[in-house]
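Going in written order, the chains are labelled A, B, C and D, and every chain counts its residues from 1.
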Amino acid sequence: MSRFLLHRLLQSLVVLFLMSFVIYWLMGLMPGDPIDLMISADPKITSEDAARLRALYGLDKPITERYLNWLGAAVGGDFGFSRLYAKPVPEALLPALANTVRLLGITLFLSLLIGLPAGMAAAIRPYSKTDYTINLLAFAGISLPAFWLALLLIIVFSVFLGVLPAGGVAALGGDGFWDQAKYLVLPVANLTIASVGGHTRYMRAAMIEALRQDYIRTARAKGAGPARVVLGHALRNALIPVVTIVSLDFGFLFSGALITETVFAYPGMGKLIFDAIMGNDYNLALVALLFVTLLILIGNLLADLAYAWLDPRISYR
Amino acid sequence: MRGPMADTAESMMALALKRFRRHRLAIAGAVVLAVLASLAATAPLIATILGLDWEAVDLLNRFAPSSAAHPLGTDELGRDLFIRLLYGGRISLLVGLTATVVAALIGTAIGLLAGFYGGRLDALLMRFTDSVIALPLLPLLIVLAAVDLDKLGLPPSLVQSQYVSLYRIIAIVALVGWTTVARLVRGAALTIRERDFVLSARGYGAGGFRIMTVHILPNLISPVIVATTLSVGNVILLESVLSFLGLGIQPPIPSWGNLLTNAQELIWTAPGLAMWPGMLIFITVIALNFLGDGLQDALDPKATD
Amino acid sequence: MLEAIETSQDPTAAALEVRGLEVVFATDAGPLKAADKVSFAVPAGRTLGLVGESGCGKSISALAILGLVPPPGLIIGGQILFNGDDLASLPERRMEDIRGARVSMIFQEPMTALNPVFSIGSQVAEALRIHRRTSRPEAWKAAVEMLARVGIADADARAGDYPHQLSGGMRQRAMIAMALICRPEVLIADEPTTALDVTTQAQILDLMMAMQRDLGLAILFISHDLGVISEIADEVAVMYAGAIVERAPAGELFERPLHPYTQGLIETLPGTGPRLPRLPAIAGQVPDLGALPRGCRFSDRCPLADDECGASEPTLAAAGERRRVACWKAAP
Amino acid sequence: MSGTPVLEVRDLCKRFPVGGKGPFADKSWLNVVNAVSFRLDKGETLALVGESGGGKTTLARAAAMLQPPTSGSVRFEGREITGLDNRSLKPLRRRIQMIFQDPYGSLNPRLPVGAIIAEPLLVHGLGDKAERRQKAIRLAEQVGLKAGDMSRYPHQFSGGQRQRIAIARAIALQPCLIIADEPVSALDVSIQGQVLNLLRDLRDSRGLTYLFISHDLAVVRHFADRVAVMYLGRIVETAAAETLFDAPRHPYTRALIAAQPVIGRGKRMAADCLPGDPPSPLDPPSGCPFHPRCPLAEARCRESKPELEGEGGHRAACHVVNGGGT
């Protein structure tokens, strides 16, 4: 088991390393560089000044060298300074991270809480009315553009009904649970609707597959009733592929979070990355992107462990 | 027990068609898509007939309600919404289809090579695919969409072209969208290459290329078709979200996504503007999903009847 | 917790009797009769061998007994008499009480028939937990005992193993332990040794015979392998294309088969006699249930067939004291 | 021993790596075929028998150059073929063909029967399209199919007919050696005889040599000239078919024959069947690999591996039956 973990950790590190280089390189291709920005901010800077500044910041060096310098600093704990927030990058990042973890955590919990039983209910009688209805709703959820849904939610609950805020989070010291929670209701609802359809469909497919296996017939031949057959014999087998797909979906979930956060002006990692890219804050964007990648990789790793726990045939020696 | 079709002269296609026809939602999806596609294709013709122009600004007639002259009303610049939606549909469908087909081709090639040759090549390609899957897709697309094409050294004629945003979005979606098909094809190829008919083809001396194209590819084409159909919907969603965020198709070219950008800004003054573009995206994507689901049932060899 | 019980019953009294069973599959091409008026009886302590080729309806008939015919299959006629009840018309809840407790079943492929994510001990114990509401530790203890009894060495430790950790023979032993732990009266074995090697097959056949002696089991043994049937069955029923074409005590059937199909089957097998340059083969293909010939269902492949055979279908009629055959041409 | 054997295998070994993936996983080796030697003369049928895991299929595939052996030599018509690359193998492949067990898996479901039979001709560039078509029809008729079947697809045929299609494809290139891996065991009982007869007719009319793999001793007894019994990757006994069945020497062969169910022998009497399961090839027993299950095992069986010995073409690998000093 520990060997497998070691192997996967190493693999994740390689991914992270390659990712950091690619993003660093892409950031270099963004319109404008820091010096251009300074020039536009201060017209007194001459072209000689600019060249000197470029040399000072190392911007005249080849990309690999600049990357290695950055990497060295990052490994040493120096992630640079965020222009947009006028703070060191980690300080800008951490509050956003907390907000996103809260949003995604609640969403994932709700989505699985609704999606897995719904998928199971659909799978028990495929092509029945229940299945048909659940399927229809699941497809609607998958097909709804998340940003449009967000607009609709705002129109209904903020513009017309005026019961929920259209965006933001509670001001610091906003008193009481509801003050905090009401800013979460619409984003969580939006993201949950966007992801629950997928979870329902995965569960339905995995459950149908599990229910047509030979061991189900064995369980019935043993005298097991429908509840025991479904919950005792099929469910655990069905969860094995579902765990994998759900974990592969973490990246997708985060993409949904970016949209939701942007539309609802919810200050999480997604909005932060979007703002950082749009605002030419490349230090922040780079680190934030890597951080999100790291989170997804950790999620995948946890799923691998869950997989091994569910399926005795897998032994990560 | 022996199936009922074991000795009848029904071909596999006919059987698949029969199963597909039973799938009413898939039929509905196909019909809706056909209608949308023909409306989009004939948009210029419809514009001429109705005497409308997708670019014509009419500042005296902003936020007009639906009328005989403007079936769905006008936007904040007094442009006709209906005809802009049709033109937007052309773009969205075109991007969705092209990007998906390119992505499917890349994915099939990668998956086929990995699955057929196996070993180190497989390990390398699949680690690469897994890594791409693990990436946070949308933020990365935003980075790619924000890249300054001048710095990539592309010819200025291309960079300054009106349609560069179109090419760019097709390219970047294809660049990240191939992974599903690649994994699918690789998995199927791994299984098929162990089948006895492939072994027997190697036994009579068929080469790698022939085995891949004649013996493996035709046997995994159905899941690829299904996955591709389903992913057209995803690509349309991606395009619209990028356009919505201002990074995809650039105005004045309309797309369903960037039509919604304006709508968001005007959400307090004209909430109705958000209705139609989103509705069209939704209908298109759900139709594609139904179609894909129907195809899956029809083409699935494990289907119960 | 299982001890031998004396088999004092009258050997002719059936533990299980199937009368005129009809199972139909609704397909696009119309209804297919997978079992056409199938009748047989299995006395306690005896083995009935049901033999036939793939798709002849033998497995479907067996599944019908336990009410496990997969959709779109449906029992449309006949009776399944067990202990005074007609299983064909029993509600599902009461069938659940019978399955695994009084009538058990084992299957061909023990790898797929066992749930991969549970230990074999817990799968064996489960039957007790369902039917006897035994406590978990007690059920486990009984399961270990049962596993030891079916010949799994070191059962205490192996009970914690998962199916993939066992050999094919061990898995089939675990299946048998699972089927017998509630001491059923009837065991239905659907090709239980087909997936096994011959030496393992011999072990499993011996085990089944030993368990039959100990528990007084009535066994319905389904196989396509005439050799296996010949070695285990007391009576044999031969199925062809959905119907039983011949029924006889095993010795008589193999010594003097009456139906031309049975004769062909026995002759076409390379035996222990002198080597022949060519095997006497049955012509033609196994028919599709959707496209049976008119009249006798074997008439298109039968060397004896004439116009009469193509005109009307023979029924299973008495041909001697304990024999029945469905053939116009069979000399009694 | 006349002339050059069609196939001569010497000390053939094949092992596969097993264990997890990645640089930190434990790896071990599965020795599936272990120092096997045999020869096969023109027109002869040699059967490989034994239980699953005995290495029959792997041996056949190594002999057919579908999986290169780990070590050892395979000579085809006198020519060493191990180590040849695909290009040099291609002309040889015309002379060796395989037939597989599962007629559902051995035909490409997306090709019509005519194309399946003509494929080998196409791959070797023999004839033009019309000639290949003519040839395919002739081959189909030769195995008992109809010319009208050529445009139908494999799923429209029954198992026996599919096996005929596979046989037609195998003889399309006029091979001299056919390696048949359990060619009748997936077929219905009433169809097995037909296919065995067809294989025998082809042997007589075309002078084919067969390497015939089967677990069914009755079929082997009927069909083979010589038999080699495999256990755990080794040949433990080889003899002319009649000799082997009439006077088996190796205890494993005897157990195998005793375990084979026989029609009309009456209800089986309890148990003198072989105890235990075949051991894992990952962790084979010391000495004679059969000793843990062997009724005759002695102390020396645990310690040293017996050699395949004997006279008159009847050889067995067993310390006890081969006698010799204790």
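Note that a contact is a pair of C-beta atoms (placed from the backbone, for glycine too) under 8 Å apart; a residue touches a chain by one contact, two chains touch by 3 or more.
Every value quoted in this text rests on a predicted model; they were computed, and no experiment measured them.
Peer 1: List every chain that touches both chain B and chain C.
Peer 2: Common neighbours, chain B/chain C: A, D.
Peer 1: Tell me which has more C-beta contacts between its two chains, A-C or A-B.
Peer 2: Between A-C and A-B, the larger count of C-beta pairs in contact belongs to A-B.
Peer 1: Measuring between Cα centroids, what's the chain most distant from chain D?
Peer 2: It is A whose centre lies farthest from that of chain D.
Peer 1: For chain A and chain C, what's the span in angstrom between their mean Cα positions?
Peer 2: 54
Peer 1: How many angstrom lie between the CA centroids of chain A and chain B, rounded to a whole number?
Peer 2: Their C-alpha centroids are separated by 22 Å.
Peer 1: On a C-alpha centroid basis, what's the spacing between chain B and chain D, in Å?
Peer 2: 49
Peer 1: Which chain B residues touch at least two other chains?
Peer 2: In chain B, the residues touching two or more other chains are 5-8, 304.
Peer 1: What residues in chain D touch two or more of the other chains?
Peer 2: Chain D, residues with two or more chain partners: 158.
Peer 1: Note the residues in chain C that touch 2 or more other chains, in rising order.
Peer 2: Correct list: 54, 286.
Peer 1: Okay, in this complex, where on chain A does chain B touch?
Peer 2: Chain A reaches chain B through residues 11, 15, 18-19, 23, 26-32, 135-136, 139-140, 142-149, 151-152, 154-155, 159-160, 212, 248, 251-252, 254-255, 258-259, 262-263, 270, 273-274, 277-278, 285, 289, 292-293, 296-297, 300.
Peer 1: Touching residues of chain A toward chain C in the complex: what are they?
Peer 2: 213-215, 217-225, 228, 232-233, 236-237, 240, 310-313
Peer 1: Under the stated contact criterion, what part of chain B meets chain A in this complex?
Peer 2: Interface residues on the chain B side: 25, 127, 131, 133-140, 142-144, 146-148, 151-152, 233, 237, 240-241, 244-245, 260, 263-264, 267-268, 271, 274, 277-278, 281-282, 285-286, 288-290, 293, 304.
Peer 1: In the complex of these two chains, what residues of chain C are touching chain D?
Peer 2: 53-54, 167, 169-170, 197-203, 205-206, 209-210, 224-228, 230-234, 250-251, 254-255, 261, 264-266, 268-272, 275-283, 285-286, 301
Peer 1: Which residues of chain D touch chain B in their complex?
Peer 2: 21, 61, 64, 66, 86, 89-90, 93-94, 96-98, 100-102, 105-111, 119-120, 123-124, 152-153, 155-158, 166, 169-170, 172-173
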